[in-house]
Structure formats: structure tokens, C-alpha cells
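Look at the two complexes coming up: chain A is in both, with chain B in one and chain C in the other.
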Partner chain A sequence: MTLLSGQTARTAGIRPRLDLMPYLFILPAVAIYVVFNLGPVLASFVFSFFKWDLLSPTAEFTGLSHYTFILNDDRFWNALGHNFIFLGLAVVIPVWIGLLLAVFIYEIRRGRVFFRAALFLPAIFSGVVIAYVWKWIYHPFAGVLNPALELVGLGAFTQSWLGDHKIALYSTFIAYAWATFGYSMVIFLAGLQDIPTDIIDAARVDGANFRQKLFRIIIPSLYDVFTFVVTLRIFTAMGIFGVIFILTGGGPFYSSDVIDIYVFRMIGNFEMGWATAAATVNAVIVVCISTGFIKWREWRSWSS
Partner chain B sequence: MELVSGNWQRRLRSAPFYATLIVITAITLVPIVWVFTSALKTNKEIRENALGLPGEWRFQNYVDAWFEASFDQYFINSIFISVTTVLIVLFLASLAAYAFAKMRFPGNQPIFFVFLIGMAFPLSAKLGPLLSLMYELNLANSRIGLILVYVAGSLPFAILMLRAFFQGFPPELEDSAALDGCSRFQFYLRILLPLSKPSLMALGIFVFMGTWNEFFQALLLINEDSKRTLPLGLTAFQDEYFTDFALSFAGINITAVPVIIVYIIFQRNLIEGITVGSIK
Partner chain C sequence: MNRSRSRLRKPFLVILTLLAIGLFSLAPSLAQETTEILVWGMGYDDDYDEILVNRFNDAHDDINIVYENVLTGELSENSQKVRVAMENEAGPDVLGGVDTGANLQALVATGQVRDLTEFYRSSGLIERIPDNLLAQVSIKGRIYAIPQNMESVGIFYNKDAFAELGLEPPTTFEEYQAVLEAVKDAGLYGYTMGLAGGWPSALMASMFMYSSAGSEYIDVLSGTQPWPDCEACLAGLQAFQDMVNMGYANPDPLGIDYNQSLDLFYQGLSIMVLNGPWFINDAISSDPDFEIGFFYLPPVNPATDIKTLGGIGSSLIVAEYAPVDAAFKVVEWMMTEELAVQALRDIAVLPAFSIEVPEDIPPLYYQIASETAANVDKIGFWPVTYLPPKVFGDMNQIVQGMIGGMLSPEDLLNEMQATHSDYLAEN
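On to the complex of A and B.
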């Protein structure tokens, strides 16, 4: 066996042979990752240009025909549009709620651990549990939301939360926001604890009020954390599935349909060519938005 | 020490923060408390008194849900799949992360980058071919198949996190171990892993929660009732008992309680697992 690591051998002036050890260390991980994760992603892209026979791709090249079908399908744009609405709300609402709660927790002395733990609680559940909790909250007969609104004198706002095509998507977003602000919160809180306390103390000595402290010191200091938190929201909003699938199934009348439900439905109908084409378009959009966003944030932090 | 008046000032200043936090915490927790209390009611109570507390606590709902639906089987499946996934991920990811962090070899950076690419795509980007592949390999509708898919999905983040952690170890540690005649695998097993216990713990809890909660891929790959995990079983159960309100609530709780218990025990590890990967 090698007693000297590659580095030591080199400093000792011995020319090392190609060392196979590192490859043995990474091989099992690479193999499983390539076969069950990266491979299928690449295959999805490649076979979106081929005809499928039920579940198996064939050698018959179909060119862009799956893409032309997808791009001419109103349902596809409908679903994608809903993902964008979700995205627009997701990068703002749970992020800012999380930020403010993190700052509040940071500002208090006693009970930090309690509030962090309690407010993060919804984030630990499966999307399935979250969806069913909210399905019951919204339920027309057994639900708690409408009676609660009546109780506090907001009876005018009672409605069919999941049955109305105008608001179903937003009702699912509330469930999503409830389950995700805790993520942003704990990440911001960790970021806050990395800000040197003397900066914040200096601001206080200088008589800065809470708003000045928040916008002039805390938010600029959390620049990279902000980028990370928003990127995370981009991925979850563009890949939203379970919560909507269970709450509305994409309905009523496709009014809360999203891309992943669209793809899932295509797979269920054995329309694998369309499914892979739609999934590829979505993947390209997600990669463009997320890398574009990260590059923009980097550029902005250099240029300022 | 602070003067008494300074203390008072500080308390006064933090009063609005406490007030907001208490209100928001209450709003956040109400749905969870409500699901728990509803599971102890009768159907009639749920319909007629949605907001109130149960008249008497009916634990029978849990007993019915557990025995009438196959929640015992779902539970065993979830435990088996999640624990096996965590163990495999920790072993394979730590091996690979050690190589990426501490060994020089041609391809180190590019191969590591290939792992990172896997985190950039949404789940749906692989589902079609994954389903064909699993049928091709006879791994569809199989717990082992699902474990492999979960391991493959968790590896990129796990390697990223452990690599960053291992890079923090001083090189002298490895050199002195090498001088003592310790092979690199022995170094990994006897020194690196024991020193990394807190990180492995945090990562393990994080992967456990993700696996336990996963729904989309399980829905696609599993269609036999005896192989369902809890989230899948819950959907089947809810479809069947949707008119039996009390049983439905009990079913939700059976799925949620194990996660709450893990969370209460390992809260620090879990939050560390989430934040460590993000801040560095």
C-alpha cells in the first residue's frame, strides 16, 4: 500500500505513478449518481427527439415534432404561466417573512431557540402532509377557515378556496408559503449570526433606528445569503408538485395546473415524447433563470 | 454590567418584536394544533363545531386508522427506505468527498463539477427515462429501486457539504497518519469519520427527512399497496376515507408525528444541516 500521499511523494522528488486510489473512492458514488440521476436527465433531453413506444424510446428520429406539439399546446403555456406566478410570489413572500422573523428573533434575548423551533415546524413536513392539512382548512363543510373568518367578522371573505378557478392557485400558494418561510428564516438567522456584532453595536451607538439598521446594515450584510435563499425558492417554485397535486390536482379546469403536474399527466398517458420535451423546456428555463439570477447578483455586488 | 434603566430600555425596545413573534407563532401553529384536536373528535363534532375542542378525547380514531388502512406496513416501508438511504448516502458521499477534498488526481475538479450539475435540474427533468430504466432493470415497484433513486438524488448535496467540511482538516493530520503506517482507507475509517460525527449526523438527519417526506418519485415508481411509503399511503387512505373526517385527520397525524419526534430530538442537527450548506 502507499505509505506516502501523492503530495508527500512529489515533494520528495519521486515522480508518482497514476494513483488509482482516488478513483476507487469516488467510483460507487459516481456510478449510482450517473445511472439513477444524471443519466436519466441527459436521456430525457436526447430521447425527446425520438419516438417512444409506450415506456421505451425507439430509434426513430422525430426531430422537433414533440417540441412543436408542446409549444403549440395551450395547456403547456397555461401550466408554465402558473409556475411563473408561483415563482413571482415565492421569491418575495416567504423570503421576506423569513427575513423579518429572523431579524426579530435576532433582536430578542430570551426565547430565541423556542421561536426558531416553533416557526420552523411547518417546514419539516412532507408536501403531502402540508397539502392535507390545508385541504381540511379549506374544506367547505369540515374546514376551519370559513368559520374562523365569520367569527372575526370577515364573513364576506368566506369562499370556496379550492373550488373557485380564480383563486385556487393562490390558495395552494398560501399552503406553500406556510411550509417554506421557515427555511428562509433559519438560513437568514445563521447568516445574521455571522455578522460581526461590533458593526451592529456601532450602528446602535450612532443612534440608528430599526429601519435604518435593517436596510443599511443587515440586508447588505446578508447579500449572499439572500441570493442563496431566493435561488432555493426559484427551484422549489418551478418544481412545485405535491402540494398542488393533492390540493387541486391542477384544477378546477386547469386553473392551478403547473409544469410538473403537466409532465406527470403526460407520463401517465404514456406520451413520453411530449413529457420529455416539456420537461426539457422546463429544465432549460429553470437553469437559465437560476444561473441568470446568480450571475446578476454577482455582477451587482462587484459593480457597486 | 448594565444599569437597571438600560435593562428596562432594552426590554421596552424588544417588546414589539416579542409581540409580533408571539402572534405569528400562534398563527403558524394553529393549523397543526387543529389537526391534532380534530383527530380526537367524532365526525359530528367536526362538522358542527369545527373550531372548538373535542368534547371527549377519542383515541379510537387512531386505532381505526392504523388497523383499517395498512399504516403499519407503510410505516415499516418508510423506516426501511429512509434509514437504508441515509446509511448508503453517508458512506458513499464521505468516501467521495474525502477524495475530492484531500486527494490530487486528474479529473478531480471536473468530476466534482459533474455532481454539482445534478442539483441544477428540476425533478421532472429525469422522470420519463427514469421510469423506463426502472422497468428495464426490474426495479420499478421495488423498495430497493426507490432507495437507489433517493441515494442518487441525495449524493450531490451530501458530497458538496462533506467536501467543504473535510477541506477544513489540516493536511498534517493525514501526513502524520501516513507516517504511522496508516493507509488512506484506514485514515478515512479510523480518523476522518470519527472526527466528522457532528457533520455526518447533521447530514444524516437532513437526508432522512427528505427521504421520509418524498412523494413525487415514489408516486411514479411504486404502485403496489404493500410497498407504499407513508406519504403515498396517506394519499391512498385520504382518497378512500375522504368522507370520514375523523379518520382522515388521524391518518395525517400518523404520518406527521414521526417527523415531529425526530425534529424534537435532532432539531439542532437538522437546522445545522440546512444552514451549513448554504452559508459556506
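On to the complex of A and C.
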């Protein structure tokens, strides 16, 4: 009654009750996040300042020496450079293949379900399976790629796909692209469903060709989806490990080495300080690139 | 009369029952005390280790082996686990599968590895283990480990293809090159090489360097001699590189891994493979259409001070904190000839001492076991056990660089010097 007459709960002497229920609901998720995500990340950051072999009960504080070591290590920069090459390719090739296939599936009238399932199939395999499949595709004696190239008159392109240091990294990228374009495709396909059909129909009636529809309607309409897919590719390209590890182990002679394999090698040698320092530097780079990219996309969106 | 007897019988039965219960409850304390010995890895494979443990426990009332299979994962990982556990007296009483070289030195440095010099004398082991192997388990004149089995590395070859081409196992490196040339002329690959994925690269290059430089190479690995100063190592590397440059090996060795390279051998495309006894079971189970033979890789440099490639496969150590008598009993049992013959028969493991090789084992086991037994006093070191794991990992990549034409043998030695000295400076 008094509250209705304009008094607040505080002035009326009523203490607001703290409703704990919402916090209790999110507590399991927060606990899992802290224990399995935030905790290890923070622990990893702390370990990077200590010389510790993972098992000894004592660790020696070494300050920034691990960072100095890895930043002066040519192999760290070599690996990081390969990550950037991978990143440059990953944000273009699987993304565009995924987009074009999504548009293709969206446009066709028959076999949509079949193509969607068939093209998405590689994305559901684990990286390990994909790597082993490609290992046999590239096999110099029993593989199918070189004979297939010869069969179609492209014998000049037969290669030592994994043994040649000039192309080993790109060979691993092909396996990665094959595994990831289906995922991009499905996300784009979901985005395409949200484009009002009357816009596309109107363009069709107005006589717009495929290229005009793609660049004037579809791609601008998928702006946020693009941002999401590319951000995802940034994460996976900078954290690429399994495919390369199985296909080349980072070789020959570090020619396909990437940061996560560099880190893995350090962990295998129980050099936790170096490993965590390298992982921290990589994490900072990934955060900077992905945040920068998202901010740039937001700025472009607002400015246009 | 009968009634009074039955009256007496009841209390008598009660007393008897109580006595029996009392005796049963006392039984454990009257029985012989059992000492538990914690064992981590007996040096064989996990399944076979468990068979041995059960056999021991069935035959002994006074000692009970508790077997923990904690040694899973990479070799370097296991070495580290054991080192830390022993440092904290939380490790095993008896440990098998110990490498010589850097690994044994690191374990002894914990101060928890028992000096076995006196045990060697009292048990008579000193007469059974040849001096060349004893030297590998000794540090500053004291013996810390017992060589348990041996890995004799050599060339496994396709006997049928050799016969077809009229070839004989070579005894010198020149003869070996002549064999490779003949195999190449016949359109086959002589030397099987699968270097993608790491470890075979460093291992093979090491074998050639060791076969050329002998103990000088061990000085290089130990960090007491710079890599670029080892001219004999360079000659070994050049001989290794020739396997590819002269077309003796399969093409694209960097494009296939170890297992894929073995397929070339089993399919009869390549007719020789440098390998160790761990290959025997795989070769037999693969059941190729040809008979497999074995010969030692002839030394690149005949003047070298080593005779055969390979070394101690694994050795046993006893912890300082272990119940000593019981631990020694376990170790003595593991070193019996009977058990060695059984391991050879069951899983093709060669003992690190001379045994009478049984004739009823598969011919390939028999040949390798006989040759190893005959050469047990000439067996060399496992060179790669002298390198820290990180440097060994780098060496795999660096050797790939040489085989892929990115580095010359001289560059390889310089790269190894850089990576090895960086590591030593940091540690």
C-alpha cells in the first residue's frame, strides 16, 4: 500500500532479498569453467616464470628468462611464421569453399540433403582420422593422389607431398581445409536460411545474375556469419596441431613446424617453463588477432 | 555311564573349538613373514612382465612382487617419472627397462640407486656379464645396474631375393655397397628408409656415425667433444647420406614413416632394413612370402673400436630404500638362464649374457640369438641414450634436413653443436 504511494522498499524499511537461485543455477557451469579453463590458463601463465619439470615438488623462479629464451629462439619464430601462413590460408580457402558450397546447396532443388550430408561428413571426423586418411592419400608408393594426377594428365604435378620441405606445410593445409570447409558450409547455410527469400526472389525477377546475387545480396547479408566463421578459423589455424603432428611431425627439418608442435616438443622434454612461455605468447597473439578482427568488423559495420 | 560321558563330551568339544579358533587366529603371525617388493616394469613388455610376476609370486612364499604398470608413454617421460619418484623415495624397489647413458646417470644422481658392486661379486654376476657391458652400467668405478637384455642392431634381409640375385651377406662396408649397387641394378631398393615422424632419423644417422667414429662419437654425445671436430662422424654421415644420394634407399624417405617403410620390405620392394630385435616379432607376424636373414651392418670405418651395433636394451636397478635381501632375490631370479631362455622363446628378447640358445625356436630368433650370444663381449653402446631427449628430438629434424638436401653433413654437425650447447648452457 505504502509502496504504491511512492515509497521505495528502502524508505519503507523493507530489506531487498538477495535471490541466490540464479547464481546457484550457473554455479556448476562457472565451476567447470574455472577448474578446466581459467585455472589451467592461469596456472600455465604462472608456470612460465618457473623452471619446473612438471613432477618435481620444487620449482625455481626464473623471471622472464623463458620468454627471453623463446623470443631469441629461431625455431619459435619459424613455427610462428608457419602459423601465420596457415592463418592466411585458413581465413580464405576453407571459408570461401564453405560459402560457395553453401550457396550451391541453397540454390539446388534436388539432392540438397544428400549434398549437405556428404559435404559436411569430413567435418565430423576427428583430426587424427583425417590425418591418417591424408597420410595414405599422400603416400609416395601406395597413395592415390600422385596416380590420380598422372591419370588426368597432370603428371608434372606429382610430388613428394610430405617429404619435400618446400610444400610439406601446404600439404598439411590441404588436409586441414578438407576437414574444415564443411563446418564453414553448414554455418553459412544456416545464415542463408535467415536471408528473406523475397529479397533474393526480387533480385531474380530484376534479372540479377549469380555473381550479382552473391556479391550484392548474399555476402552483405552474411556479414556477421562471416565474422564468426573467420574468427573460428583464426582460433583453429593458430592452434593447429593434430593434423600436422601426424602428417609430418613438424618436419622435414621444421618446415611444417607450428607453435603447438613446438610447445608439445617442449612438454615432451619436461621443459614446462619454455613450453608455457611459448603457449602464453601464442595465446596473446591469438587474442590480439581475433579481438582486432572482431573490432574491425564492428567498426566497419557501424561506419557503413 | 553313557549319559555322564556325553555330559563331558560337550565341554570338551567347546574347548577344542576354542583352541582351533585360537590356533587359526595365531596362524598368520606364526607363518613366515612376506616381504613386498614394488616393481615398475621388468624390462620386457607389459603383458610379459605380468606373466613373470605371477610366476615369481607362485614360486615364492616369502616375497611378494607388487607390480605397477606406471611406465606408459614416451621413454623420456618415463625416465623423468622414475627420477622424480625415486628422489622422493616414492618409486619402485626394483626397476627394469632402465637405459644406460644419460638416463642411468640421472637416476644415480638422485642418490637413491643402490651400488651393486658387492652384489655382483657375491652373486657371481661379475663373471657372467662381459666387461664391455659392465662398463656401460658403471659410474666412477662402481656398478649401479644389471644389463638384462641386449639389442643387437643389424640388417634384416630378404634371403630369397639375395639368393635370386646371387648375393651373400657382406662382411665389409665396401661389400655392403657392392650389394646395394647390385640390388639397385635389379630395380629394387636396397636400404629401407622411413624418416617421417622422427626417431628413425636420429637413430640411423647415429648408427652410421657410431659405426665410423666408435667411442669418439660417445664423447661427442656426452658433450666432451664438439660435434664439428669429429671427422669420423662426418665420414659416417656421408655414408648415410649416400644411401639416398646413390639411389640405394627407397625414394622419398622423408615422405613415409617407419611403419610405412617396413611395408616396402614386407612387399619385397626393398630387400634390406636396418633394425633391432624388436622387429623380429613384427616380421614374423607379418608373415612375408620370403625368408628373413640377419647380418651385422659392416663398420663404415673398419679401424673403429666397435664391432657390432646395438647395446644394452634394458637394465635393472635396485633402490637404496628397498628391502635389500628381498630385492636382491628378485633380481637374482630375473637374471637366471632359465628365465632368459624363456624370454627368448616367448618374446624374442636376447639376454645380455651368453646362454645356450635352444634350437627349437623360430629360425630368425635362433640366428640372431646365436650371433648375439657369440658376440656378447663385442656389443657396443646405444649411442642415442647419451643424448638428452630434447637434443635427440632436434637431431631427428636436423637429420631430416640433411636427407632432404637442406643441410650438408657439415651443416648437420654445426646445427647439432648449436642445439646441444644451447641445451647444456640452459641446464
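Assume the second predicted complex is superposed on the first by the 280 of 304 C-alpha atoms of A that agree within 3 Å, B and C clash if a C-alpha of one lies under 4 Å from a C-alpha of the other, contacts with A are read in each partner's own complex, and residues count from 1 in each chain.
What we mean here is this: a contact is a pair of C-beta atoms (placed from the backbone, for glycine too) under 8 Å apart; a residue touches a chain by one contact, two chains touch by 3 or more.
Because the structure is predicted, anything quoted here is derived from the model rather than measured.
J.: Who does A:Asp53 touch here: chain B (first), chain C (second), both, or neither?
T.: Only chain C; A:Asp53 stays clear of chain B.
J.: Of the two partner chains, chain B (first) and chain C (second), which one does A:Arg116 touch, if any: first, second, both, or neither?
T.: A:Arg116 contacts chain B only, not chain C.
J.: Return first, second, both or neither, reflecting whether A:Phe141 touches chain B, chain C, both chains, or no partner chain.
T.: Touch status of A:Phe141: both partners.
J.: Thinking of the overlay built on chain A, is A:Met185 touched by chain B (first), by chain C (second), by both, or by neither?
T.: neither
J.: Looking at A:Ile244 after the superposition, I want to know if it touches chain B, chain C, both of them or none. Which is it: first, second, both, neither?
T.: neither
J.: Tell me which partner A:Ile259 touches in the superposition: chain B (first), chain C (second), both or neither.
T.: After superposition on chain A, A:Ile259 lies in contact with chain B alone.
J.: Which holds for A:Gly163: it touches chain B only (first), chain C only (second), both, or neither?
T.: Only chain C is touched by A:Gly163; chain B is not.
J.: Could you tell me if A:Ile200 is touching chain B, chain C, both of them or neither one (first, second, both, neither)?
T.: Touch partners of A:Ile200: none, neither chain B nor chain C.
J.: After lining up the shared chain so the two structures overlap, which partner does A:Asn269 touch, if you call chain B first and chain C second: first, second, both or neither?
T.: After superposition on chain A, A:Asn269 lies in contact with chain C alone.
J.: If you lay the two complexes on top of each other, which residues of chain A touch chain B in one and chain C in the other?
T.: 55-57, 141-142
J.: In the complex formed with chain A, which residues of chain B make contact?
T.: 10, 14, 17-18, 20-21, 24-25, 28-29, 31-32, 34-35, 38, 46-47, 50-51, 92-93, 95-96, 98-100, 103-106, 108, 111, 114-115, 117-118, 120-133, 135-136, 148-149, 151-153, 155-156, 159, 171, 174-175, 178-179, 181, 183-184, 188, 209, 212-216, 219-220, 230-232, 234-235, 238, 245, 248-249, 252, 255-256, 259-260, 263, 267, 270-271, 274-275, 278-279
J.: Name, in rising order, each residue of chain C that touches chain A in their complex.
T.: Residue list for chain C touching chain A: 74, 76-77, 80-81, 84-85, 87-88, 195-198, 250-257, 260, 263-264, 269, 388-390, 393, 396-398, 400-401, 403-404, 406-407, 426.
J.: What residues of chain A sit close enough to touch chain B in their complex?
T.: 1-8, 18-19, 21-23, 25-26, 28-30, 32-33, 35-41, 43-44, 47, 55-57, 101, 104-105, 107-109, 111, 115-122, 124-129, 132-134, 136-137, 141-144, 147-148, 151, 178, 183, 186-187, 189-191, 194, 225, 228-229, 232, 235, 238-239, 241-242, 246, 259-260, 263-264, 267, 272, 275-276, 279-280, 282-283, 286-287, 290-291
J.: Residue numbers of chain A touching chain C in their complex, please.
T.: Listed in rising order, the residues are 53-57, 69, 135, 138-142, 160-165, 248-255, 257, 265-266, 268-271.
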